[in-house]
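Next come two complexes built around chain A: one with chain B, the other with chain C.
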Partner chain A sequence: MALIQRPAQAGTLESSDILIMIAPGEPGKGIVISLESPVQKQFGRRITSIVTRHLQQADIQDAEVHIQDRGALDYAIEARIETAIARATAPADKEPGNA
Partner chain B sequence: MHESLRRAMLFAPGNNPGLLQHAGIYGADSLIFDLEDAVSIHEKDAARILVRNALATIRYPCEVGVRINHISTPWGFDDLAAILPARPDFIRLPKCEEAEEIKRIDDIVTKAERRYGFPEGSIRLMAAIESPRGLRNAFEIASASPRMMALAIGGEDFATSLKTTKTKDGAELFAARSMIVYAAREADISPIDSVFSDLQDEEGFIRETELARQLGFDGKSCVHPRQIELVHRVFTPSEKEIQSAQRILKAYREAMARKAGVVAVDGKMIDAPMIIRARRTLAHAVAAGLVPQEDLND
Partner chain C sequence: MINAAGRFIPDTLPGYRDIRPYAGPFATVPDGRRAGQKIKAFRPGTSKVLASLEEAIEASGLKDGMTISFHHALRNGDRVMNMVMQTIAAMGFRNLRLAPSSFLDANDDLIPYFESGVIVAAQCSGARGRLGAYLTTHRLQEMTILRPHGGRARAITSGELHIDVAFLAAPACDRMGNINGIEGPAACGSLGYAMVDARYADTVIAVTDHLVEGALCPVSIPQHLVDYIVPVSSIGDPRGISSGALRITTNPRDLLLAKLTARVIETAGYYREGFSMQLGAGAASVAAGRYLRDIMLRDRITASFAIGGIPGPFCDLLDEGIIQTLFDTQSFDARAIQSLRDNPRHQEYDVDHYANPWNKGAMVNHLDYVVLGATEVDVDFNVNVITDSHGTIMGAVGGHPDASAGARCTIITTPLIRGRLPIVTDRVQTICTPGETVDVIVTDRGIAVHPSREDLRENLMKARLPVMDIKELRDLAYSITGEPDPLPITDEPVAVVEYRDGTVLDVIWKPQD
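Entry: the complex of A and B
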């Protein structure tokens, strides 16, 4: 099981981007996602399913995730959640943003 | 060598999804997704993943390369590791100073092509010369690998390394620009001119592009889509130049057909360099959509 070492975020609030913040969740509570998006009705489920899939692939069981979408396409959503997970789970001496 | 023309190479910042996904619509001949100066040190990890995903999922109408961070920085090798599986058309190395840097990247690219099953040699390389040391080694850099396709001058950094500033008439870069053209031409690759960053000064941009064309550059780096059309205009031959090129090639073909040794057009002797120039003029005219592709066929 991968552990979230620290709260982390990736992305921006610019148009076509998405800001994803993840933080350690309460043990046993699973993945809790909140989403704000201008296209929530059409694509809300799709966005959360991409994010959930990446967290599951990283073997993260419990996490709190806050997503602010600005109309990002799938490739950008995938990139931002991958980056957020890498930042949140990197060992302290290898935080990717501080290379 | 029948490669597509590289007149306008448009940079797009690597951490901006909006700009990455729209970069292909402006008619650039090449796109360069930037992981270097356009990306802050805190976003290097995010940008390389975003660019990798863009390359892997978006169809672009032209060649797409990635400007990586230099391999002497903490990010260069990670950039390559992330980007190569998405098969960019080329990698652009900034601040190149020695042929050895190109050889190291060539090794990494060769291994990646084998690992991912890409045709060997399909990922090309280009280097930017941004210092006197790089300029001194320009030919060695340009010929360091058969993957090398272009040599660019990074004007702002070059002027800084000379302890001067880049001006609009470009006197301080005149020698460097010419030497880069010589090195690239000797190595049979494309010389590409520097960016022009004052987006408000259209006349200055056109003057600098005309100078680049006259010095022998194949194209110019662009930092804004509106510069693309201006570059194309400068690199598009005039009606008179096109007609002259067509007459020269027609006379040459007719002379070949009747095995005549000497060709004259408009009272001027036609020699081999003129034929090469005429073909090049027509290639630019074809790229600009002014004459049909058949005019290029011998």
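Entry: the complex of A and C
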């Protein structure tokens, strides 16, 4: 099981991008996602499922995830969540730059 | 029942007359006579200029439950609709039906009058901003009716929409009641919408901030149609009325769309000396006009006329002699207002003349090409321009269905995707223009031609344009964005989208929270 060491984020609020913030969740609470998106009704399910899948693949059980979508396509969402996970789970001495 | 556009229409709708379902673009044949305004006889010496709106409203005989109208030529600069509604509310009137030619961003201020029962029904071309959202989430006492410009002219002239009192924002007005839109601090250009209201309303009140001594010249709306004149300090903010010079877009996708659109016009089959067109005011349409200009100069071809709302770049084409004459119902910018004032070949005309399906031939019937935009289109070529991705009213039907029905070749120009939204879809949320009146859909990824127009398809293929099946375009869009989940809506109808002839084309249902 991977642990979230610190809150981290990836992405921007530019149109067609997505800003994903993840923070440690309460143990046992699971993955809690809040999503804001202009296409929530059409693609909310899909965005949430991509993010959940990546967290599960990283073996993260508990996390609070806040997503501000600006109409990003799947590949942008995947890139942002991967980066957010890498930033949040890296050991303290190997923390990747938060650029 | 299912109408001819394939949409489910309930047998009855609360607060709406007997339903006539859409049956095809020219299925309805009118019978009867035109409506008319009350006959009045003003004697010599009658003064029309009153001191205040209150006085004019009192003199008009306005009563609870009546229908009032406004025109939207002052667009987002308009101060008259809000000012008059404020006065009417303060005077204690209730249960009014509000029937402006359209609502714009400036009309969010009207929401309290809907909430308090001063206004209980709305009939218009569209609505935006918070008012659009309000009309999507609140069922009024009567079903909100959305009509195309030609449909509104038809409803008024046939008596289906009877206006008791019309309040006309009048950029210039003399003491006899003659009005034009090209002078004064709030000049807006064409008064094409107001002209129809002035001819059919029982009482016409001109609200002006530019009262001219002597006789006005030229006259757009003649004095014999006007009951009262109310001078006010300002009818509109010029910054909201007309944008400055339109900048030609530098967005590469818009430029690609514009180039493709100009090529479609050149090669589809109607490009010849004396052809006619309507181009919208969107970025891609205006840029298409620029490319078309180069093609026309090269071929020494001129267009006999162009119509619609008129953007400034079209006036340059008029000055250059590339277009022989413009017919203008709505002047989109300062350049168009100036051109209407200074160039006699730039003609003002009313919406009846432009787009009414029930007269002896509106200008749209003589269009070779029209280029229009879309919020979304579907595989049956239906076009939505009124509801957004939340199902909320955020636009206006405008002249879209009118020009589409009239033109020999209707071209819809749109990016294939916007943000994450596929624009070519299985099924548009709301049909504003039926697919059987749409011929070509131009996107940045390919061009689709309506299956009934094999002739156009062949011509475009010969010109080596990227013609694709509409379903291929949809699949391409979905492959990038994913297939959208259907928008969750309730079974509560809030608005009716009428076709030009007054039949029910579609119903707007309240979205789920």
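As a working rule, the second predicted complex is superposed on the first by the 97 of 99 C-alpha atoms of A that agree within 3 Å, B and C clash if a C-alpha of one lies under 4 Å from a C-alpha of the other, contacts with A are read in each partner's own complex, and residues count from 1 in each chain.
We adopt the following convention: contacts are C-beta pairs under 8 Å (C-beta built on N, C-alpha and C of every residue); 3 or more make two chains touch, one makes a residue touch a chain.
All values derive from a computational prediction rather than experimental measurement.
*Asks:* Who wins on chain A residues touched, chain B or chain C?
*Replies:* Looking at chain B versus chain C, the one contacting more residues of chain A is B.
*Asks:* If we overlay the two complexes on their shared chain A, which of chain B and chain C does A:Arg80 touch? Say first, second, both or neither.
*Replies:* In the superposed model, A:Arg80 contacts chain B only, not chain C.
*Asks:* In the overlay, answer first, second, both or neither for which of chain B and chain C A:Ala58 touches.
*Replies:* In the superposition, A:Ala58 touches no partner, neither chain B nor chain C.
*Asks:* Give one of first, second, both or neither to describe whether A:Val39 is in contact with chain B, with chain C, with both, or with none.
*Replies:* In the superposition, A:Val39 touches chain C alone.
*Asks:* Which partner chains sit in contact with A:Ala72 here, chain B, chain C, both or neither? Use first/second/both/neither.
*Replies:* Touch partners of A:Ala72: chain B and chain C.
*Asks:* Would you check which partner chain A:Ser15 touches, where first means chain B only, second means chain C only, and both and neither mean what they say?
*Replies:* It touches chain B and chain C both.
*Asks:* Could you look at A:Ala2 and tell me whether it touches chain B, chain C, both or neither (first, second, both, neither)?
*Replies:* The answer is neither, since A:Ala2 touches no partner chain.
*Asks:* Per the contact definition in the header, classify A:Ile31: touching chain B only (first), chain C only (second), both, or neither.
*Replies:* neither
*Asks:* Taking the superposition on A as described, I'd like to know which of chain B and chain C A:Ala23 touches: first, second, both or neither.
*Replies:* It touches nothing on chain B or chain C.
*Asks:* Common interface residues of chain A with chain B and chain C?
*Replies:* 15-16, 72-74
*Asks:* Using the touch rule from the top, collect the residues of chain A that touch chain B in their complex.
*Replies:* Listed in rising order, the residues of chain A that touch chain B are 10-12, 14-17, 72-76, 78-80, 82-83, 86-87, 96-99.
*Asks:* Taking the complex as given, what residues does chain B use to touch chain A?
*Replies:* Residues 15-18, 21, 41-46, 49-50, 52-54, 56-58, 74-75, 78 of chain B touch chain A in their complex.
*Asks:* Looking at the complex, which residues from chain C come into contact with chain A?
*Replies:* Listed in rising order, the residues are 389-391, 418-421, 480-482, 484-485, 487-488, 511.
*Asks:* Could you please specify the touching residues of chain A with respect to chain C in the complex?
*Replies:* It comes out as residues 15-16, 38-39, 41-46, 70-74.
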